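Both complexes below contain subunit A, partnered by subunit B and then by subunit C.
Then we have the complex of A and B:
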């Protein structure tokens, strides 16, 4: 009994340590972003919003944020559409090659972004495409595609094929089956995939570094600002990014839960 | 099954292969309107494949399929069959009402009519209280009824059922058997039912089609199939059978023992090797001349394991099976 409780205490301590290790840096960044001092050291001097104000006034930051949102938004659209189409297509039309194609499509996940960036740069040179945000979007779509493909494929594996047969039996056309049966059942997977695509794109540095022209994305700007040391503005950017990411994950969770809950409630 | 009216379902020389495996090896079958027909056989005998061919889910490699006189091969023709799947295949993101309305919506039936027909069908199957529930909130038996309602509301000529009671427990299964039979009589359309359960087939069917290795072994009423099996395979698959020397066989319930054997019906003596009391009946295994004879006697019997025993059967109760080569 005693051994049990002491091991429970140890386990609790270890858990607390891990959580501290994971979240303390994020917490400190947030604290220093509100600290009225140009260096990130204790003690805290006073509460201020001036780092956020100076950020808002920073032209380079605003352009980069806009660029990042454009790139991430476009990546979500392309990667999700392509990954979903590929997932559904492979599942339906080439069942024998499913396993091979799935491991093939997951290859870009294994390739280091450095290599991927160099390969993309070489490719763009070869086909003579000028580097711009468009090339960044294409690069990010390559990065995000396998995630979407695998998430959608995993969902399809658990899919009862007689659902589509039943719909066809009841007179639904192929297009109808897709809109009324396949798509609604895939919706949670597609939403998850879209959010992952956004997050992957929003903080991507390496591929962006090789494939962008004169335009900068947010992580690139942070990177360049870091060369003069960790400024309170960077703390402010980091805090904003964390808040946005958490908010998105939260929104996704709420959407998924609500769709389940309403489904459950309606029947009462 | 003859008669002059056109059969609801007609199969002619239907063959279906999956790679080297011949799932259906040449089937001819006519199903008259309004009958409850069961395709019965062990797994791998081709019964489900045959059902899927009738439903248009599989293209036969050879032969012709007609439903209500229309060939099934073309995808454009309006189909006259509806399928109830083994997994029910209810749409999980739709309510019971939406599931049942789906087929009518696809057929572009006017909205007001859809509502009325769905209500009537739900009421008919005792599902009115469940209309706004989702499939996962229903019991197995209720899901089964929704699947039936969804198919029947579109008023098909023929309803196809692929082991629809397989997922239910024994008690529920018995109850649904009764409901299914009543429902079929009620709607009056043809049911084609696939099962490997011979008792279920006997209970439900007007006509049983016994299948073996992609072929039809026998077509007949439950009584035909049980009392006049076409061959040893049918005799063995439908009910329990004692195979005797020559082409003779006898059902366990027709084996007589002790002093109730009338003169001329005595066949020999043996020893009781095993006895099990089954409630309504007692089952004896009688060892005689190196073989075992199974006898089923009504009620309890006062014979113990190891007792010597006389056995016999009436001539008219013996089954005369054709030799294996002839069909």
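Then we have the complex of A and C:
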């Protein structure tokens, strides 16, 4: 055990400081959400759940939560299915274009959400599609698609093609190979991608802002409440969304670790 | 053999058809629509396909040029700060810690999973006139009246954008630094290079591709920022994103908003080219 040099200690302290900078604001919001005061300022008075209770009684909040879950759920289904199909399809059928298509598929990631949102709005307007949660879901699926595609593609890079070939030589049909070999191997990647799609959609503001009709999702409720002023209920909703996202991240982390462990056990 | 080929094509279509159609209809067509709209006009609250360059000419007005310029300045400033703040963190994670590497990495990634709206909002609580910073300043007796320029300013927007996007800088750089061949660093040390010289002449040049990618990941969303300047910038710090949003809202001038968006994309493209060129592995240079 060698002693740490002063530069290592300085770097460590700096890292700790940056992490504090990343987390302290979120922590503050959470603290205020449990504070028994109608204004979000120090000193902290007493612990209370009343802001959460008042949320639970709030009709607009409940509707928005339901909308957010519907939109995120549908986005997961569309983005995951399409991203997985694209990942497997490109890997299997157009191997020569893999690199090019991977850059191409990440293009929507390179476009700020604002521009994606207004482009969709202009398009819906031109082809006379009415705005609703459906148009929001379509937009969110475009946001999430590249993430799924890239995660699935990355998993396929380390994929041994001889497994599929062996199955084919043994007479398995394409469909059977997909269900019994490709899909189980991809499962951790697909689950991770699904969780990321969920949080992307659950937290999305800008695309939703431009593509929704009269329906609100949770971030839209925060957004419109903020236009009026800061209330403790906003702290409570904000804390809830952060908890949901962190839970998703935690589950994803566990899935990734597990799949690495099994891969290691198999001696890959 | 022919049957097999047909089946192959059918399978390829089944896998690649739906995603191509989906992305074609909901990404490529909308972007193309936006490009078209930017050359059209609004007449009596109707968008008419009347070809014109007038929208781009209007962008040259001092008002819009000023806002574009401010947006570029803020986006570049955010990028530079993220690089300065993030580089030591990526370096520490990749090269200086084994024991805490995993947990620290998770901690850097975790904020990316959380809502940027919430992260923006948090700064309203911190920087407001009754916010934590002002309370602390007053509590310490450093000021009698709350400092009002903290919120609704370029400062607030820059700070929050750095907060939101610094993990985007750290992660790609970490990936590059982690893969650096330790033998190169050993060699530099053996040849008598001090710690600083090794860093400046070996580590830093080799990590430039990671720096470039990181800068790009920060610059792009900062250039198109809308939520953060809208909530923290107020009237004093307007960025182009808010102006674009207005054209698709109250102003109902889709063509002008589209021209602005295409200009933003052009700026991003130029920046991407410059960043990536600057970030080419410099090991080959004399």
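Keep in mind that, in the parts below, the second predicted complex is superposed on the first by the 243 of 268 C-alpha atoms of A that agree within 3 Å, B and C clash if a C-alpha of one lies under 4 Å from a C-alpha of the other, contacts with A are read in each partner's own complex, and residues count from 1 in each chain.
One rule holds in what follows: contacts are C-beta pairs under 8 Å (C-beta built on N, C-alpha and C of every residue); 3 or more make two chains touch, one makes a residue touch a chain.
As the structure is a computational prediction, the values presented were derived from the model and not from experiment.
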item: Touching partner for A:163 - first (subunit B), second (subunit C), both, neither; value: first
item: Partner chain in contact with A:191 - subunit B first, subunit C second, else both or neither; value: neither
item: Which superposed partner A:70 touches (first subunit B, second subunit C, both, neither); value: neither
item: Comparison of subunit B and subunit C by subunit A residues contacted; value: C
item: First, second, both or neither for A:172, with subunit B first and subunit C second; value: first
item: Which of subunit B and subunit C A:22 touches, first, second, both or neither; value: second
item: Subunit A residues within the subunit B interface of the complex; value: 160, 162-163, 165-167, 169-172, 176, 180-181, 184-185, 263-264, 266-267
item: Touch list for subunit A against partner subunit C, complex; value: 5, 7-8, 11-12, 14-15, 18-19, 21-23, 25-26, 28-29, 32, 39-42, 78, 81-83, 85-86, 88-90, 92-94, 105, 107-108, 110-116, 118-123, 125-126, 138-139, 141-142, 145, 149, 174, 196, 199, 202-203, 205-206, 209-210, 219, 222-223, 226, 230, 234, 238, 241-242, 245-246, 248-249, 253
item: Subunit B to subunit A touching residues, read off their complex; value: 55, 57, 79, 81-83, 85-87, 89-93, 95, 102-103, 106-107, 130, 132-134, 137, 150-151, 154
item: Complex interface listing, subunit C residues touching subunit A; value: 7-8, 11-12, 14-16, 18-20, 22-23, 26-27, 29-31, 33-34, 37, 47, 85-86, 88-89, 91-93, 96-97, 104, 106-111, 113-119, 121-126, 128, 130-132, 135, 163, 166-167, 195, 220-221, 223-227, 231, 241, 244-245, 248, 254, 257-258, 261, 264-265, 268, 272
